[in-house]
Amino acid sequence: MDFTIDAEQKALVKATRDLIGNVYDSSETRRAITKTDPGFAAWEQLAEMGLLSLPFEATPVETSLVAEELGRVIAPDPFVEAIVFAGGLVAAAGSAEQVEQLSESIADGSTLAIVAWAEPGSRWGTKASAVTFADGVLNGVKSPVVQAERADVLIVSAATADGTGLFVVRDGYELVTQRTLDGSRAAKVTFSNTPAEPLGVGGDKEAALALALDKARIAYAHEAVGSMQTCLETTVGYLKTRKQFGVPLNTFQALNFRAADMYVALELARSVITWATIVAAEETSTPEAIAAAASQAALQVSVAGRHIGQDAVQLHGGIAMTAEYSVGHHLARLTAIEHLIGDDAFHRARLAETMGDHGVLDPIG
Amino acid sequence: MDFTIDAEQKALVKATRDLIGNVYDSSETRRAITKTDPGFAAWEQLAEMGLLSLPFEATPVETSLVAEELGRVIAPDPFVEAIVFAGGLVAAAGSAEQVEQLSESIADGSTLAIVAWAEPGSRWGTKASAVTFADGVLNGVKSPVVQAERADVLIVSAATADGTGLFVVRDGYELVTQRTLDGSRAAKVTFSNTPAEPLGVGGDKEAALALALDKARIAYAHEAVGSMQTCLETTVGYLKTRKQFGVPLNTFQALNFRAADMYVALELARSVITWATIVAAEETSTPEAIAAAASQAALQVSVAGRHIGQDAVQLHGGIAMTAEYSVGHHLARLTAIEHLIGDDAFHRARLAETMGDHGVLDPIG
Amino acid sequence: MRLHLSAEDQAFREEMRTFFTTQVPQRIRDVVINQEELTKEVMVEAQQILNAAGLAVPAWPEEWGGRGWTQLQRHIWHEELQLAGVPEPLAFNASMVGPVIATFGSQEIKERFLPKTANIDIWWSQGFSEPDAGSDLASLRTTAIKDGDHYVVNGQKTWTTLGQYGDWIFMLVRTNPDAPKRQQGISFLLIDMTTPGLTVRPIELIDGGFEVNEVFFDNVRVPVENLVGEENKGWDYAKFLLGNERVGIARVGSTKRHLSEVKERAKELGVFDQFAERIVELENEVLALDLTALRVAANSNEGRPDPVSSVLKIKGSVLTQAVSELAVDVEGPDALTDHQSLAYLNYRKTSIYGGSNEIQRTIIAGTILGL
Amino acid sequence: MRLHLSAEDQAFREEMRTFFTTQVPQRIRDVVINQEELTKEVMVEAQQILNAAGLAVPAWPEEWGGRGWTQLQRHIWHEELQLAGVPEPLAFNASMVGPVIATFGSQEIKERFLPKTANIDIWWSQGFSEPDAGSDLASLRTTAIKDGDHYVVNGQKTWTTLGQYGDWIFMLVRTNPDAPKRQQGISFLLIDMTTPGLTVRPIELIDGGFEVNEVFFDNVRVPVENLVGEENKGWDYAKFLLGNERVGIARVGSTKRHLSEVKERAKELGVFDQFAERIVELENEVLALDLTALRVAANSNEGRPDPVSSVLKIKGSVLTQAVSELAVDVEGPDALTDHQSLAYLNYRKTSIYGGSNEIQRTIIAGTILGL
């Protein structure tokens, strides 16, 4: 059991932090960028740094470290969506030819790949039914699909005679794009006899989709840790400097205690989420073990994320309600992450299915 | 809609408070009394004051007012158990002869009647199965039965060919008595060919039992309100007088805020529980309406009782853990009440059954 | 104790319910029910419908449009209005500046302002909070220095809700900077927002909407006859006003309506059973709030706000937020682009404004518990 | 980052698990598992079994029975011991007075006390808290005035856990009442509890048990050689001791075991599905506590306690209580007479003792967050 990271990983963290902190040097910069299309600005630099090639060459540890850094400034670049999730899915399920074809253009930033898996009303289920594949074309609707408008390639899950298949689509679909609550974009994607190429050899790919999604959940959870960390730091800084009634806010014990409780929640969440990455990175881990770890991590995101995000706003007061200030955007992003990866009820129910199988839960057994 | 009580009811409250405050003049007196059999000491005086005749002549308003006063000092006398519940059940379901026969001796305190309805593992269900009635005798087990050892008459629910019947039993059963967590006693009662007389005309009495139980739940909830009120008052008093670090505890904002939250919880609980009594007292209320009101009240007991009881202990610190001090006993009694009337999960599930039938919940409609 | 409303109050409730659901167009109420943005035009239209029927400012003195209702009737009026989705009369007019003028203003100032205030011919804004004075209102620094028959106002106000629509603004200003205590030397001044030197800057909120504003004052000249009551007594008027504000803030009717809408939505989405326990719990808490508001209203002495109103403020805001959180969860993944999510973000304000919940806890601990 | 234990630590864990589950009799462990009352005899028997195997005081210096383990190994030892239901070595001996004597005592006092302390031939009691000094330890008033080669001790201690079994008591006493600061002038003194003038009064707790005591000192004469370290330096030793106390207080292994027992019980009673979501949530929180304890142990520098131990104390106590509350709810109506209810009442102490959770929040806000 070892939670430490090595020198190379430390360097990765530092380089990512420097790069991303430079692009999003303030909450106002980030806000201005999200108001123009496509709503993110660090993509080329992330590519130059080699971070977009991670799904093809590195372990979940590296992707999680990068995601956590992006989370600190809630960088709107779709790193987890396009690289960890879509890139990871291509790497895991694509044919050798597809991997070769896509990996280079994903890694250099020229191709943005997005997984279109969610279906209206499906509540995080991975079994496809709203889009069907037959005779080489797709028909149906996917929603919400984050950053679909900017996507060069969609990886679409669809019902086939053999189960849930995965398909590469480059064109021939319609989009209705909406702003998301965290300043990003998501679309309803409608396929009408859209030509599609199977990812990999065909057949039922639901297990591959679910595993890639679980790994993405863990990376999202690290984004959330980074965001929660910023919420806490910002709140502590505000309590120290902001004066009310002629004294700094940290004169008020009740406020300090709530900051202390935020710290407790953050450290506990960090432990579980980091452990989940370690489980995902371990070669001997089964998909079931990774799914369980992803759900444990997601549950922490939900419970700690609401607690920390809401209290960061409350302890700031009115200023936190303004778009000019940072913590409200963190609350929005934490809320969005939770609804991307599944909320507490979803993950509790998923964990409940196997909870009776063990007595004591042994995280390092 | 009127929450006020009239002059006569106010006099009842004052007389009860004087009487009970005299018998249980301190937490130590109460503790000493619970250590000797039968564990309560105000029964004769309650009888002399006429309070034990309430189920035969007054409305739930009066019994709730008395219960709340008993709750303030957590008087261990089984007023709700014997008078509201057993007395109320006799009054509602007994034959004219039985009512006549029992009402006088219940009212003068010479007969202690107790309802033996709970069954091992039944979790607050009112359909009897662990005890059966046939050929004039009862067989089976009831548990827990509060104050069974002191009881002169048991009203026993039992499975019959017609459903759940109710039976009067005076003798011929065996008891295994245990101390309860709140200093009272409860027994496992075993019936072996025990002669029993049907209460009323026979037939399925589950509805009558359930209604009497729901009315008892509301009275118990008032006991809980009285106890929560004392928890708050005692805690506030302690915060004002106890010094730590050279200053009174109410110098510490975080503690005061928690006392404020206790107050919020208490006032909200008081509203629902008082309303439940008003529903029960209203002649036009259906059993379904009383059941719903009882569950709403019980839910407040569970949620507010745990919050207030636990925080009263925490805000006191170590002293509250000692048997010499009062608030620990209040926490114990609040816990016991909740497990007598059904916990939060039970009442949530019960309310969930009908919750979809209305849009907006209108408490005075 | 009595369960039902008296026959009189029952009839009153029916009358309110009928009026709100038949005389206020569905088109207007749907804006509220669907949590869409209320435009100025719609709010004015709604309030003028109410005012024409004598239902806009029932708590005012009767000679200025009040109705002499009991507290319970006012509660019923308010709850039915919210249940029906009728936009509330603009609080700055109906609950804030109106009662202050009616209580403390001269006859001349009453005649000049109250009818237009009730009919929202003047849209009032509130100029209380300042950038360095959030919960600590008394530390305000905007000055009004007398210069002949004018005050010259300099400074900045913030959190001015819907100030972008404002015709006039009622202000707390410091008229005596040398007063020994911070609460002294404050006056209550009315300012025409078209006066030169006054600038409004809308502030974007985290839900993308524009609700609050900064208002800047650069040598704004205000006739002395726009002072309400006595000079340097403004803090007393402000406390009176804030007490009124807290009473209506529990939002019981709105929260009940929202919860019932979420129930319907959960049924539509097929997740009613999954959320049943949480809905039951919230319904129980909303019931407690509803009954406590009724208890306070029914028992309250006329006039002064009950300190228990702090309970209503705390629990009311927490439940507004909890129901909006439930609404987001019921939506599931679609919450990403759903207006329920924006409402969730927006409603974080309810535990901050109108005296934050920390301020309310301080009131309860101090005023009620004596801590 | 690495998921599994190293081969060495894995073997270590197996060794511990095997020892605890085979060398400590089931009869003893069942007392812990069934939450029955541990008698003095059983606790002594268990500790002597451990001590004979070198497993009673592994954190001590090696010359006095310590094992030179890493923090992670100590964590594994502690968790496996709790998981197996082995009674813990008496904290007053193993975690409190032993380390203080070993670190600050003279060679003579080490030789005199450490072997007997490890083998529980002396049962130590703790004399820190006083009636008017709960969380505010430094305000203690018990005095020890030098009279020739003795200290004369007068005063009262309270919350002395298991003091009714005590052979000796380690005390904080005020040796210099005139010291300028309260923390100065305090000394660390060892007292034979059979000394004339010393009286122990057990205090009944709300669960009916007797765990804590008052200890009265009426001119108790204590030889000066029973002083540990330097006179008037006791506060430093106490801080060292309290830091050690907090580390073990998370009760991770015990809580994990209790939760798994409650799961089994819920299955027996047929209510597993009904409680499933709550169990899942608690299991998630216990996992977080477990992993945080591992993270602290694995990353910790030898010696000084990590301030994050306050996180473990807060969450550890809250989860101990939450699992005991779940256990009561799983029992249902039978909880009225069930020992789980008494454990629930008893465990309210865990957020109070060892530095209340309010004290821990103060430490986090101050030491970690700099507030």
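Observations
So that you can tell them apart, the chains are marked A, B, C and D in the order they are listed, and the count of residues begins at 1 in each.
The rule is simple: contacts are C-beta pairs under 8 Å (C-beta built on N, C-alpha and C of every residue); 3 or more make two chains touch, one makes a residue touch a chain.
Everything numeric here is computed off the predicted structure, so don't read it as measured data.
On a Cα centroid basis, the chain most remote from chain A in this structure is B. Each chain gets a centre from the mean of its Cα atoms; for chain A and chain C, those two points are 39 Å apart.
Inter-chain spacing, taken between the CA centroids of chain A and chain B, is 51 Å. For chain D, the set of residues touching two or more other chains reads 358, 361. In chain B, the positions touching at least two other chains are 252-254, 256-257. The touch graph of the protein chains shown belongs to none of the named shapes. Contacts from chain B toward chain D in the complex involve residues 118, 120-124, 143-144, 146, 178-181, 186, 243-246, 252, 254-255, 306, 310, 313-314, 317-324, 328-329, 331-332, 335-336, 339-340, 343, 345.
In the complex of the two chains, the chain A residues touching chain D come out as 1-5, 61, 236, 239-240, 250, 253, 256-257, 259-261, 263-264, 267-269, 271-272, 274-275, 277-279, 281-282, 285, 296, 299-300, 303, 348-349, 351-352, 355-356, 359-361, 363-364. The touching residues of chain D, counted against chain A in their complex, run 1-5, 9, 72, 83, 256-257, 259-260, 263-264, 267, 272, 276-277, 279-281, 283-292, 294-295, 298-299, 308, 311, 314-315, 358, 360-362, 364-365, 368-371. Residue ranges of chain B in contact with chain A, taken from their complex: 252-254, 256-257. Put simply, chain D touches chain B in their complex at residues 129, 132-136, 139, 158-159, 203-208, 212, 269-271, 274-275, 321, 325, 328-329, 331-338, 341-342, 344-345, 348-349, 351-353, 356-358, 361.
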